[in-house]
Amino acid sequence: MTPEVLTKLLTDIRDGNVSVEHGIEQLRDFPFWDLGHTKFDVHRPLRNGFPEVVYGEGKTPEQISDIFSALEKGGNILATRVSLEKATQVQSVCPEARYNTLGRTLTLVKEPIHFQEGEIAIVTAGTSDLPVAEEARATCEMLGSRATVISDVGVAGLHRLLNHLPMLRKARVIIVVAGMEGALASVIGGLVAQPIVAVPTSVGYGASLSGLSALLGMLTSCASGVTVVNIDNGFGAACAACKINNLCGDSARS
Amino acid sequence: MTPEVLTKLLTDIRDGNVSVEHGIEQLRDFPFWDLGHTKFDVHRPLRNGFPEVVYGEGKTPEQISDIFSALEKGGNILATRVSLEKATQVQSVCPEARYNTLGRTLTLVKEPIHFQEGEIAIVTAGTSDLPVAEEARATCEMLGSRATVISDVGVAGLHRLLNHLPMLRKARVIIVVAGMEGALASVIGGLVAQPIVAVPTSVGYGASLSGLSALLGMLTSCASGVTVVNIDNGFGAACAACKINNLCGDSARS
Amino acid sequence: MTPEVLTKLLTDIRDGNVSVEHGIEQLRDFPFWDLGHTKFDVHRPLRNGFPEVVYGEGKTPEQISDIFSALEKGGNILATRVSLEKATQVQSVCPEARYNTLGRTLTLVKEPIHFQEGEIAIVTAGTSDLPVAEEARATCEMLGSRATVISDVGVAGLHRLLNHLPMLRKARVIIVVAGMEGALASVIGGLVAQPIVAVPTSVGYGASLSGLSALLGMLTSCASGVTVVNIDNGFGAACAACKINNLCGDSARS
Amino acid sequence: MTPEVLTKLLTDIRDGNVSVEHGIEQLRDFPFWDLGHTKFDVHRPLRNGFPEVVYGEGKTPEQISDIFSALEKGGNILATRVSLEKATQVQSVCPEARYNTLGRTLTLVKEPIHFQEGEIAIVTAGTSDLPVAEEARATCEMLGSRATVISDVGVAGLHRLLNHLPMLRKARVIIVVAGMEGALASVIGGLVAQPIVAVPTSVGYGASLSGLSALLGMLTSCASGVTVVNIDNGFGAACAACKINNLCGDSARS
Amino acid sequence: MTPEVLTKLLTDIRDGNVSVEHGIEQLRDFPFWDLGHTKFDVHRPLRNGFPEVVYGEGKTPEQISDIFSALEKGGNILATRVSLEKATQVQSVCPEARYNTLGRTLTLVKEPIHFQEGEIAIVTAGTSDLPVAEEARATCEMLGSRATVISDVGVAGLHRLLNHLPMLRKARVIIVVAGMEGALASVIGGLVAQPIVAVPTSVGYGASLSGLSALLGMLTSCASGVTVVNIDNGFGAACAACKINNLCGDSARS
Amino acid sequence: MTPEVLTKLLTDIRDGNVSVEHGIEQLRDFPFWDLGHTKFDVHRPLRNGFPEVVYGEGKTPEQISDIFSALEKGGNILATRVSLEKATQVQSVCPEARYNTLGRTLTLVKEPIHFQEGEIAIVTAGTSDLPVAEEARATCEMLGSRATVISDVGVAGLHRLLNHLPMLRKARVIIVVAGMEGALASVIGGLVAQPIVAVPTSVGYGASLSGLSALLGMLTSCASGVTVVNIDNGFGAACAACKINNLCGDSARS
Amino acid sequence: MTPEVLTKLLTDIRDGNVSVEHGIEQLRDFPFWDLGHTKFDVHRPLRNGFPEVVYGEGKTPEQISDIFSALEKGGNILATRVSLEKATQVQSVCPEARYNTLGRTLTLVKEPIHFQEGEIAIVTAGTSDLPVAEEARATCEMLGSRATVISDVGVAGLHRLLNHLPMLRKARVIIVVAGMEGALASVIGGLVAQPIVAVPTSVGYGASLSGLSALLGMLTSCASGVTVVNIDNGFGAACAACKINNLCGDSARS
Amino acid sequence: MTPEVLTKLLTDIRDGNVSVEHGIEQLRDFPFWDLGHTKFDVHRPLRNGFPEVVYGEGKTPEQISDIFSALEKGGNILATRVSLEKATQVQSVCPEARYNTLGRTLTLVKEPIHFQEGEIAIVTAGTSDLPVAEEARATCEMLGSRATVISDVGVAGLHRLLNHLPMLRKARVIIVVAGMEGALASVIGGLVAQPIVAVPTSVGYGASLSGLSALLGMLTSCASGVTVVNIDNGFGAACAACKINNLCGDSARS
């Protein structure tokens, strides 16, 4: 209920077009999240060509197809954690959907995406971290931020990382994707001034504890200003990075 | 070594003012982090009136006093995790230092701080989370971002939180400080569009596992875009939040 | 051994119909759980049309079929954690058994269930929590309590939850089913006065630790009066909720 | 904002006593948690002579004294986890406050407590569990439920427990307080039909892991219908038990 | 209620000396754990001069003194985990009580202890494990088994252990007390044929995790037939060892 | 090298039949574990018809077959953790081998087993614990102790357990096999005086943590004298129980 | 960039053969890790016939084949964690590659390996630890150190280990591979003076926690001088052992 | 028993100077660890001026003083984990003992230490890691290896570390001491070819889990060849490093 609608309702009451009783009835269902300037505005994340987001894990191909079909009329959609099998089934129903084999995302773009100016750099420690990085990259793109993946620059070969410093320095936000000990976040955190979102991955074995060691390492990073998301959560890191990028974009426009 | 210095050196070699051997000698100590446009620029975080940061835990009052005294000539300094006893001893040597009893920070400001335009909101679930929130607030101030603490708006009394929504909506970045189950980060994450930095606290007992439960809860938050720092790490959350705020400030100026 | 049987035995001894030796022999096997007013009464949970309960995990279809067939003469039966394959095999033997695909329960109702007056509300944070919720709902029904499932009202979209508040307020007991950070229990616990039984689910990945994070979050809930059952234990939550509901029903009748 | 107030406002608008603009202004601050029949009613838990609750841990004696003094005009107050030292200081300011040394509660009763009919039984495995049990008992009393503590009936001496069965059978709700392996909850859960709220305690050493073993044991109890609260959380168990007891009391009155 | 008493009761009923109603009344309180040959016999562990056992941790000196004074008339008593301060206070009231400074046991022997024939060997890895070993030794003595402590024969100096093999071979049961990695249990388990009760100790730091590493090491011992008790539980190990020793003693006598 | 062999060697040296140099050579390889009365006697566990033991997990059918074939000439053999597939392959080579489907043991008996007099009782909490119990039973039999399995007497139905008390009282050693919270060990430990070996099982889900909760519960048992082996380690429990039983048998014979 | 190349560049600038601008351009890409005597020398580990190393887990057969084919021109290659299926596919493309079924390594040797003088002993506790030991052995060989595997000498049969002492004493470095409780490292550490690298393996079940118990046991070893690598990390242990062996080799040559 | 002694004994037997019976008697106590070339040689670690080592934690000042006094006649001694209070007491008895306040070691040198040629570099991430580094340094010195501490070169300020590379390259072994995420070991491991012994420290808070996060990070290091010791175990790291250094020294001499 927008201020305009509310004004109209109250004017109708004043003018006798709407009875007090009917007014109460309508206000009873007054969407509480839309109270003038303090409105909740939960729809904002979905405005401006932002995609509908579907977590594909544990959903059947039919359920995913239904959601994709419902979007036919417009809007974009991003499904994460979609297996190749599910994607193929969905594509048989919705041939426009595009599947990202590495990042396991399935996307449908019906409305053009307006990209922010700033770029996001996604850095991985090893090639095994690429699926998580690719999920992040695909998410960034759907949320309107351009992102570049720089892979295999783990701290055991420091020169590879240092070679990429100029590119890192140009990004607005940096997503660091690393398994095993997750040291890459600390090292990059000590080299650049930008916000860093660290994603631990479940890459590794034994004492890597399915990503817990990388998670703990990133949380206790000696580099201040590193923040962390859940293990393998490339999507979440991209959301956080895009929120930061959008924030700047907003102020840049004003 | 700036490009200018390098040009000067090479020109001197070409002109015979400097021998090849001497040139090699100088380049041998060539600061590797200053290679033209790819320079490391590790000092950038410390420019613009940014403070020197001291982690007070495990340092003796003498060590802290030495650092504070060394700054006498200029610059600002922020010491975190300083006990009242230590602070009192440092202040006897360096009377200008100001102690924040709640946040346990000791600060010395010799150069005026230039504040960013954007504000940071710091929200706590309970009053017991206030020390961590205050450490974050004091850090934000020293890093050049204004911050406001909104306390005791935990999810068990949702109306208190909702009352503060307008203020939260005006902040550029939101720091959520919560112990126990840490649910506050998820709830705020679902209500606002800004980047959220969540700080789990060690408040609680038993199954709160000294903050691990809040940490895990925040990492697995169902609200996308929430990032997390270490338990009780108000300082780290403030660093991350200020990096985001600074980023916007930079683009705002350009 | 009921008081009547005991009276009969002692009278027979007094009247010489039963020898003292034979009396001792019978009393030796005196069921110790039936000592007048202090009897154990372990059968009470199974009275009044309550079902026989079978934990299907790790049982063969043959074992489950045997139990179902044994009930042919009467009584009801609830089997939980039954896979579709097992259910199909059991149904080929016992065609009256009904399978709940989502909740994975297999039930046989030979005696009419007498329902309590009060209702139980089962709330889930996400659609992935539905199997656990459905197990709880099916259990409630077999135990004589009507239950309604309200799904996908997680805290990241608070307005969806608040829309359902009136329905929640009418329930006698509320079961909250949530994975990831489990914050839903705290939020509902702050909004309603009824007893809340929280069920953490293993939905999630990485730091959700197969449900442990939700479990810890619910245990450390800042909302007082929330109690918790094992991860994914929809059956146990329903048992607890029905015990509460029955208790009220009992006093309502008196 | 009650329906009456809303009717008055809308009538004033209709009658021209209030302008549309002013109406919008008032509705903007419309307390969203009071929308006719769907109002949040967060105050309900505090009605009917229910106490204000203070978590004493980490609060200074001054803070606690302030809260107690504020209640001078009426109402009751329950402070938990108050050390003897703090209690003494508060009592010097507020001499009416009564301290429970064992349960570490400090209470002030200015309004008579109306007790429910049903009773709550609190059972402990060992004498070391008594402080938690006493916290639960004192909480029950302040919340309007009578409670009796039956102590030292751990499963290693089963006969002691069985002797108390008649008393347990008469209670409406049973709180089981046990450390070490927490087996008491399972055993009682198999003997009675009432709802059971289990409180693991941190009593024990080594593999008891500060109460985690008891917690895990209770969560995986083979007795269905046992629910669990946080370690040492006598207060929370009492809240849950009283909510259940109140529920029955409510229906009994209607 | 012994068989004799039961016979008497039934005879009285038969003879009309006791009415049927009175007989029911008496049988209602029939101690259920004394049903002829199947009686529970919970007192057996306390027969034959066995001590009363008190867990001193968390008990006040007054409480311990009370228990010791109550035994004045006869019987023996063993209190474990008694600090020097508490012991001194108890001894001021009960001067006959003897304190074991190393094992922290306080004992009172009023009835002579009859010792079993077999001996128990208690082996420690290091001198820091001695307090736990001494608690075990003192417990064994009070339970009627002679025990010898062989200390500081950890696996890092294998020759020291091998020198003691003849003594180990003569014991009926061996208690192995070890912290750190707990390897001693495996090594001894591979050298002797007797039952081994392993006690992990909290000796160590860092990755010894307060005894958890030793505990896990002993549980996964490659030597079959090693059983384990809780960390630092010298008392429990002695109980188990004495039960085994008693068992043999019993058959030896028959 | 037996004392006889040593005497012979030294006598030969004295008599000049063996040179000093040759004597040194032989003594250099002097089996150090056979030094007169202090000999290691590692073979003792394998004497008296005791079986060769094979841990089948991770061994190929060929490897197991080889071991079974090697025993053709005599001796007994017990292989644990053998899958049905492996067993079938081994039996095609060694048809005398008998497979225990429930306990997953494969055995070959070429020499008659001499059984001890005492019996071992194996008690399980639920039917799902039966495979572990059966592994224990089969192991006991191969090690020369008769064992009886009493299943499904978990503490949630205490009367079932109490019915079996007479049988439990007759056993020399009791093995308790239980998953979930593992409370059965504590309850039995409080009812009988015999040594109890507790085996936690991985039966359960969620907070049962693959048997860790049962393990912790048993380790922190409030019943003194309970010892514990690794999760699902029916074989290890049987080894410990048989060592105890053998010990008594030995003294009984002397 | 070697000193020679730098001298040439500066001389060219001096002589006017290279312009200052071009000199800056070249120095801009000056490999920062090659600054005269302080050069990083990251290539050193790959010199002297050292192999290229590939972690096969998670790589496709095509990716591995590509790497092997790229080496056609020379150099050696070691791929670890290669399944039989992958190896077969790679061998179809690169028939010279040799597969080690037990250690799961795939190797290609085009340049002769120069072996160090010293030998490495690899000791395993059980036969199930052999795959990890074999990975270590194959790695040692490719890195230029001869290694011998001594298997199945776990501490439960100490005499087997002691028989191999002479061989262990001759090795320069000892790798100890053990699962379950990992006690073997402590025992060997107490017997020999050489550096010991311990590898915990995931062999075991239940409380072995997939190798964590062995890891913790080795870390808390009572034998000083034992160092540890990740669970199942035979490759890493071999790298460490070869680095030590090489170090000695280097000094031996000088 | 040396070969010479054995030859003498056998010769005496041959010559009739010693009876066969007496020979057996002597050989019965034949020190089994001294069997010609296969002797255990447990004393070797203590030869060549190596110190006696005392773990001071949990020892009384009296116990430590006794050990120091016993050495009066000669030899060196190193006591670790000695508090200032204890050290002072020991020094009052043994004034020659020197206390290292930072490393908490107490040493007594009566015999000159012969130092190896190679040096050991000890690198710390932060100044808080210095006590552990100093314990390592003091241990190295007592074991005969010179060691230098390079402190505060954590990965968040990479340039500080790189400045020290030349010094690191000259060391034979490098000990890396780091808390928090422990990333320093990985980074150095990627830069140098020497063996690296990593020591996690308990420096940090929250998710650093008292050093467990650093431990896990070091174990899962992406740099091959890093080995790890227990948390805060500077002594153990020094032992391992010195063993490596000694090994080279031996070969250097030959």
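As written, the chain order gives the labels A, B, C, D, E, F, G and H, with residue 1 at the start of each chain.
The working rule: a residue touches a chain if its C-beta (ideal position, glycine included) is under 8 Å from a C-beta of that chain, and two chains touch if they have at least 3 such contacts.
Keep in mind that this is a model prediction, so the values were computed, not measured.
Under the contact definition, chain B and chain G share the contacting chains A, H. Separating the CA-averaged centres of chain A and chain F is a span of 56 Å.
Centre-to-centre separation between chain C and chain E, using Cα means, comes to 41 Å. The distance from the centre of chain D to the centre of chain G, each centre being the mean of the chain's C-alpha atoms, comes to 60 Å.
Contact of a single residue of chain F with at least two other chains is seen at positions 32, 37-38, 40, 42, 157-158, 190-191, 206-208, 212, 215, 219-220, 224, 230.
Going by the touch rule set out above, the chain pairs that meet are A-B, A-C, A-D, A-G, A-H, B-C, B-D, B-G, B-H, C-D, C-E, C-F, D-E, D-F, E-F, E-G, E-H, F-G, F-H, G-H.
Residues 37-38, 40-42, 44-45, 53, 118, 165-166, 169, 172-173, 190-191, 193-195, 197, 215, 219-220, 224-231, 235-237, 239-240, 242-244, 246-248, 251-252 of chain E are the ones that touch chain F when the two sit in their complex. Per the touch definition, chain C reaches chain E in the complex via residues 3, 6-7, 10-11, 13-14, 16, 20, 23-24, 27-30, 32-33, 35-38. Interface residues of chain F, counted against chain D in their complex, comprise 125-126, 154-158, 180-183, 186-187, 189-191, 204, 206-209, 212-214, 216-224. Contact residues on chain G toward chain F in their complex (touch as defined above): 127-128, 157-159, 162, 203, 205-208.
The residues of chain G lying in touch with chain A in their complex are 31-33, 40, 42, 55, 57-59, 200, 202, 210-212, 215, 230-233.
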